[in-house]
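Each of the two complexes below includes subunit A, the first together with subunit B, the second together with subunit C.
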Partner chain A sequence: MEAKVLIPDPSRIKEELINKYPAKVAKKRSKSIVINDPETVPEVQANVRTVPGIITQRGCSYAGCKGVVLGPTRDIVNIVHGPIGCSFYAWLTRRNQTRPEKPTDENYITYCFSTDMQEEHVVFGGEKKLKVAIQEAYDLFHPKAIAIFSTCPVGLIGDDVHAASREMKEKLGDCNVFGFSCEGYRGVSQSAGHHIANNGVFKHMVGNNNTPAEGKFKLNLLGEYNIGGDAFEIERIFEKCGITLVASFSGNSTVRAIENAHMADLNVILCHRSINYMGDMMEVKYGIPWMKVNFVGAESSAKSLRKIAEYFGDEELKARIEAVIAEETPKVQAIIDEIRPRTEGKTAMLFVGGSRAHHYQDLFAELGMTTLAAGYEFAHRDDYEGREVLPKIKIDADSKNIEELKVSADPELYKPRKSEAELEELKAKGLEINGYEGMMKQMQKKSLVIDDVSHYESEKLIELYKPDIFCAGIKEKYVVQKMGVPLKQLHSYDYGGPYTGFEGAINFYKDIDRMVNNPVWKLIKAPWEKEESGSLEASYVTQ
Partner chain B sequence: MTAKTATQNACKLCTPLGACLAFRGIESCVPFLHGSQGCATYIRRYLISHYKEPIDIASSNFNEETAVFGGSHNLKLGLKNVTQQYKPQVIGIATTCLSETIGDDVPMILKEYKAIMGEADLPAMIFASTPSYSGSHIDGFHAAVRSAVKTFATGGAKKNMINLFSGMISPADIRYMKEILTDFGMPFMLLPDYSQTLDGGPWAEYHRIPPGGTATSAIAESGCASASIEFSSTLEASKSAAGYLESEFGVERHQLPLPIGIKASDRFFAVLEALSGQPMPEKYEDERRRLVDAYADGHKYIFGRKAILYGEEDLVISVAAFLREIGVTPVLCASGGKSGQMKKRLLELVPDMAEQGIEVREGVDFVDIEHEAERLQPDMLIGNSKGFTMSKKHELPLIRIGFPIHDRFGGQRLHHLGYRGTQELFDRIVNTVIEERQKSSPIGYTYM
Partner chain C sequence: MAREGLTINPAKTCQPIGAMYAALGIHGCLPHSHGSQGCCSYHRSTLTRHYKEPVMASTSSFTEGASVFGGQANLLASIETIFSVYDPDVIAVHSTCLSETIGDDLQQITKKAKDDGKIPEGKYVIYASTPSFVGSHITGYANMVTGMAEQFAVSTGEKTDQINIVAGWMEPSDMREIKSLASLMDAKIVLFPDTSDVLDAPQTGKHEFYPKGGVTIDELRSTGDSKCSLALGCMSAEPAAIALDKKCKVPFETLDMPIGLSATDRFIMALSKAAGKPVPASITAERGRVVDVMADMEQYFYGKKVALFGDPDQIMPLTEFLLDLGMKPVHIVSGTPGNRFEKRMKEILERAPYANFKNGAQADMFLLHQWIKNEPVDLLIGNTYGKYIARDEDIPFVRFGFPILDRVGHSYFPSVGYSGAMRLIEKILGVLMDQQDRMALEEKFELVM
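Showing the complex of A and B:
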């Protein structure tokens, strides 16, 4: 869609962002703050450690492993091995929903299990307590699987959660028990935890059940965590289209589905950052290609469905998908027609996640809004610049500490779903197989791209750009709103959602309209409305 | 109750969270966690979800090397960066499980840091040791308050002022306490005062650190106060700020339960009258009269009802005593905290608790509480938002008090203390019972 707003030259803004920092910090930060050019895509420094004392929005490895990837599967009992805080803070705080088929089906999402480590365990070791905790959880629920998550002290005192898990798995017999070394100090952010989680799920779950999956067009949905019911909307669309969802990683998922995932013929990836490892590993071991899709935005959803149809190459599927798009689009268009006159020409900033800052730009474009600046909290360079930079990414001490699984083709189960020739043909048709072009190629020239934006920088950005809406999470929400700018939470959706698919797009348009055109903002004088502030002169020109 | 080893659905939060909250109540103070960045992020998001205000917490961002070789370098670098960006007057440093497990000697690192940097231009630094494998959030809170007083308080000639260590109460409660002390015409130092930092207005200008909080100059004077009032039933003098001031500077310590209910509020006002030499201002006599009147008018709706009460020990003890005052039986008083004092302290306020069928459980979680609920068949739950799942499952109304309240709006503006707070709480309890009646009655009561 056409941009309606000219973006001011951001070089002065960049200068302002870093001039308060000590020289060394300024030098480091300037590599993570870049002025975009979609043609030549400049390098962005990403996935590097936050400098101590610079307040970041990033979380930890444990948060990425337990909170993000493993949390949404409803029938795994997740036991957090450590003192109480870590388990408490990840207790239902992610808004990932789940829908058991029957009310009596297993669902442990509302539980928060912790070994609640005390001083004596730090001194004398906590493995014994962990094993008792596993036994207790088993006796209570007889779950199919129990996962153990290590928090900071565990690695330091030398508790071996993997050995304890193996021992208990053997003892219990009918329960899969496995551990994760996701101590909070590992890696630079939650991203390390995603990788650790992918490894564990791949090693301990995927491939455990070889029952052939039913259905003609079978795929897995990777990197969709069902925040606010997002996965439900995608499931609805798939069902309408006649696409079989074998497993979801991991929104609204079950142990059985994940164990059976290798029976699908395609992996579609939503959040590339958190789950691309799984896509790669399943490709190598089972011969299932993966494709990057985006179900955030009505146009993007339609595009993603067409990509899936093209992959399967079935005319009937193509026709059915076109019929679904034709049926869904008028509802969406009616809402756009109503709302767009009120949102046209407004501006947005997105600093969130490892894929959301990219995906949600599509929804804003559909409302005629321009993204001035965007960045991820925990992504890597490939999420910004595209996967072609992968060979150029420097391996630092932090990434070296995260295990890379050695995966090879399974002697029995490896079956390439498409031949080399077929894959080439699909690529020639414009299908990005096993690829992701990243965020920056889709962003306007002179938009600002900032990795791991600090609290200080985001305040400064608001002061300088005066956006109509800022998208981030709860940690930024109230400081941004204090300055008279509405903040849309793109982690928890401010209790809203779903925002995926066609229904989701409608929800999002309405929510954004309610926020940017809300009368309450007239009662709050933004700092720059009060008097001359040190900001840039307004240089937005409506075309 | 089953004796469990693991904790399932905890009824407590971690120690450093309490310390960060207390640091937020000191003017121009940035809380700083020595450990992995995840702790700062989690604690920020949790506090923010309740207070709905920005909360910055810095961290020393441990990595694997730091975890092995110690956090001295990261701490110093972090302090330097926070100082440069925020220009705070104070940095409140609390430890985490990580730095405590590896045994970082923070006071020594701070000493080295000061030596390198030269004292003059540095912000003041408060340090609280808060490993989360020891105690719960309330212990971290008190540790931070005590440490602030130890850092700043100096002795000297006695002044006509008192200290109020009000504990982990709501911003609205803090404002009310300040109003009361002001109306008594008594100079005071209230610590920690996050009434504005965690419940303030929009900003006309940018603030690195939100305005408000107890000034360090006021904390410095706390050693010269004529007395301290400390709200807590279970806090030992050796762990409390008022305890420190008493032993160090001879400032008399008045330990009072949180003033909830008429009796406890009367006790608080009596101490204020004694310390100020002033009678209770008419305004509060009025508030008290209205409350007594409300008790008389509302008793018939709630008398004989049973409640399960949970949360921090001090809050539970005080609310339990209040419930007895209005004829509601707190059949279970539960806490994830484990001071070992809970039963004893409640017994002092409710001597007939055994005959009334009041049970006290320390160190429990929500699974334990739920087991008890099945046996005790209460009419209502009183506590924080974490009781929601139980409330939904057992179709019990939940009256939200304390912290955290993240599934309702305005938790930071709830009153709990004094005649005014009791009035608010009383009205909510009565209305909850009436609403249940209204909902369950086939005709629905539309007039009362």
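Showing the complex of A and C:
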């Protein structure tokens, strides 16, 4: 499909984006900047090192492990082993909302725990202090679980957080203690941390509680972190549909739920990048298939619910889901009808995350807006091109350093939820069972796909395309807005949300309408700076 | 329960963010973080949330290889890329716990960059060692400001009538206010660093990668010939003044940051003396207005108990100001360690022998909260994270310090000088009187207060 709006020649634009770089840098960047063709899907260079000195959106492995995956579970005490900063910066800044069932239930989300490593620990080792910190956290809070996160110096000085955790777990007796080697220098972005987190949660938590889960249609929600209450909206919809949510990885989750997750019959994955490892490992060990879904966008939510119904193959469930969709849709449609005349034909760019830059295109499409360019901050090729490229991805030195767990079928708990034949049948019906088609097949021909976009490239893109809205994160927010273009934060939602499901879609439409049509953008020039204002002096002279 | 290993809800963060903030106060400067990408990303994010402004900075993007073999190649590559793509006048490199642990020597690497011709003519690379496992963000700020002085100041042997004012960690609004007071007094000053017109830039429809503000390189060079330095804060500003004295024989005086009445009085007198200029009537009148409000509203302040947390150079004069207002600062914590800080607090707290004060290790907000539970307070003052304690205990809360992530104003309206004192008074009165209104029984609800 050709773009509905006029877009400039992308090959010329690609030239402009890289011509200021030193030759070596330009050569490298050119492989990450691709002109899309949804039919033939070109290769995108992704998950490679950022050139030193380039202003990047990316963060580190620790951010992906502690900040993204482990952060949202409310009853784990997360102790960051290292100097104070790492724990400080990840303190409440990701908006992972959580709702304990009772006011007395444990909730450590608002706390920041650190060993506050000092020079003496860097020189003589910090394990002793770490163990003291674990003991103190236990004495103060008696949590069910304590997780330890390694920061850069920890790996270099050789503190063994895993041994310290094992020792303390044994000593404490009724508290699960486990560590993560998620030093910031591992991998090339947050992505390494997601993988490390998946491994740790799978090894130390999943499978610890074999109490059968109640309910007829039991699933886990993977890769949903309840930013701005996204998981609450999905929970609301599931409940209406009669779907039982066993565990969420990890928005609004608890230790107990995660330990019990292997009792579900399906894993649905929202953010493929951050959690696909968990889906794969649970499939191998417990026989639970995973399926890619998307609850960002009203149509996508309806489609995803129908896929879940199809998976369980139950007529009653199908009918109930149709009833829920029929009940929710008119509210959404009423808002679209009101707003769309104001957003139709406008353009957007999305450079964010490892899945959001894909999924939010659905919401823009529902508003009649065109995505001119998109890219991820820390994704891999499969998130762009689809999982069929997995066998073709070369494992480089940076990825090799991230452990791949050897997983095999659990002798007692492995139970295939669907036979091979049933799975094939579901795939034939269009369900993405253990698969993900990636972002590019959905994007228009000649749109630009850019991995790990740099600050320089973003500014150039805005200059050349003049999009009506740009989606990225807090570091980009005010840069882009200084250029007179509204920036929607798709990590923190500009402190709004939720954006998932039906209620979320309504919130998003309203926010985008507000942003692209906000009167403030017409007030930037002072009246006396506008050309048509003429000379004040002159007008006085004529009076 | 006494703790030795665990810090809970810290009242400090790490050195590099302070270095990044300070470096933004040089015109045409790109701060560079020599470490993993996460450091740079976190610092930029935090500063951006605090200022709601672009915060540009680059990173050496360490991977496992660099961490094992040393970060020299990454820094040299960074310098080359930065000058060709972002074209700054200065790159201000700060280290991180990662590069410090592996022992990267910034002086040696920047020298190599120069020798290898990677630094274009007329451009500069300065550096500061800012290991996250020593001190706090305040230490990092002080180290970068010291780096500016040491690496730029030149002594020609001929003294000028210029006064250096070394800004402690304060807001762009505060720096603007200091400059405005000096200009009212007709004192010739150079203020560094200076983040005004950098982190409070106007909306113009154009992103200025290097906004118009910031101390210029020429100004920094000239600090070596200044007749004296006034360091505003013994923790965040004094080290740079000491360095200038050592390198260029510029005598200095260290003052509390001019927050509140008494500290501003001392600053005004010191500036007047250094400049050899009388205090203009307009400043005296402004002071008079502050005292007038203090007297008019004394009943709302007197005897009220206050808990506060934050950074040393702000905590010290603020505590003194609370005492001047007749309030009782009963609980005070700061995560930043330091003998100068402890000594000065001891002096100030001679007027408040009842006060709990702790700084350094485990001087965190969890401790502060415990203290508050044991002895409740009428007012809490501190950065945004205080809102959780304020909500739990239903305490009126004034946001003050770094970071403030949930309100605006701090970067536009000063906390220093007499106008800063007036702003603090207004904020404190506002929350105290709002609370009184909110809690008042129907028959006790007052129209005039």
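FYI, the second predicted complex is superposed on the first by the 519 of 543 C-alpha atoms of A that agree within 3 Å, B and C clash if a C-alpha of one lies under 4 Å from a C-alpha of the other, contacts with A are read in each partner's own complex, and residues count from 1 in each chain.
The rule we apply is simple: a contact is a pair of C-beta atoms (placed from the backbone, for glycine too) under 8 Å apart; a residue touches a chain by one contact, two chains touch by 3 or more.
Here the structure is a predicted model, which is why all the values come from computation and not from measurement.
Asks: Judging by the criteria at the top, classify the pair subunit B and subunit C on subunit A as clash or fit.
Replies: clash
Asks: After the superposition on A, what does A:Glu315 contact: first (subunit B), second (subunit C), both or neither?
Replies: In the superposition, A:Glu315 touches no partner, neither subunit B nor subunit C.
Asks: Mind working out whether A:Asp337 is in touch with subunit B, subunit C, both or neither, as first, second, both or neither?
Replies: Neither: A:Asp337 stays clear of subunit B and subunit C.
Asks: Is A:Ile54 touching anything from subunit B or subunit C once the two structures are fitted on A? First, second, both or neither.
Replies: Both partners.
Asks: Mind working out whether A:Glu39 is in touch with subunit B, subunit C, both or neither, as first, second, both or neither?
Replies: After superposing on A, A:Glu39 lies clear of both subunit B and subunit C.
Asks: Which of the two partners, first being subunit B and second being subunit C, lies in contact with A:Cys152: first, second, both, or neither?
Replies: It touches subunit B and subunit C both.
Asks: Identify the overlap between the subunit B-contacting and the subunit C-contacting residues of subunit A.
Replies: Residues 20-22, 25, 49-63, 79, 82-91, 93, 110-119, 121-122, 129, 132-133, 136-137, 151-153, 155-157, 183-186, 188-189, 397-398, 401, 455-456, 459, 473-475, 477-479, 481-484, 524-525, which sit in both footprints.
Asks: Of all residues in subunit C, which touch subunit A in the complex?
Replies: 1, 3-10, 12-17, 32, 35-39, 41-46, 48-49, 52-67, 74-75, 77-82, 84-86, 96-98, 100-102, 131-134, 136-137, 201, 203-208, 335, 361-362, 366, 385, 388, 405
Asks: For the complex, which residues does subunit A have touching subunit B?
Replies: Going by the criterion above, the answer is residues 20-22, 25, 49-63, 79, 82-91, 93, 110-119, 121-122, 129, 132-133, 136-137, 151-153, 155-157, 183-186, 188-190, 397-398, 401, 455-456, 459, 463, 473-479, 481-484, 524-525, 527, 530.
Asks: With touch defined as at the start, can you tell me which subunit B residues reach subunit A in the complex?
Replies: 4-10, 12-17, 32, 35-46, 48-49, 52-67, 74-75, 77-82, 84-85, 96-98, 100-102, 131-134, 136, 200, 202-206, 208, 336, 389
Asks: Which of the residues in subunit A come into contact with subunit C in the complex?
Replies: These residues of subunit A touch subunit C: 20-22, 25, 49-63, 79, 82-93, 110-119, 121-122, 129-137, 139-140, 151-153, 155-157, 183-189, 397-398, 401, 455-456, 459, 473-475, 477-484, 524-525.
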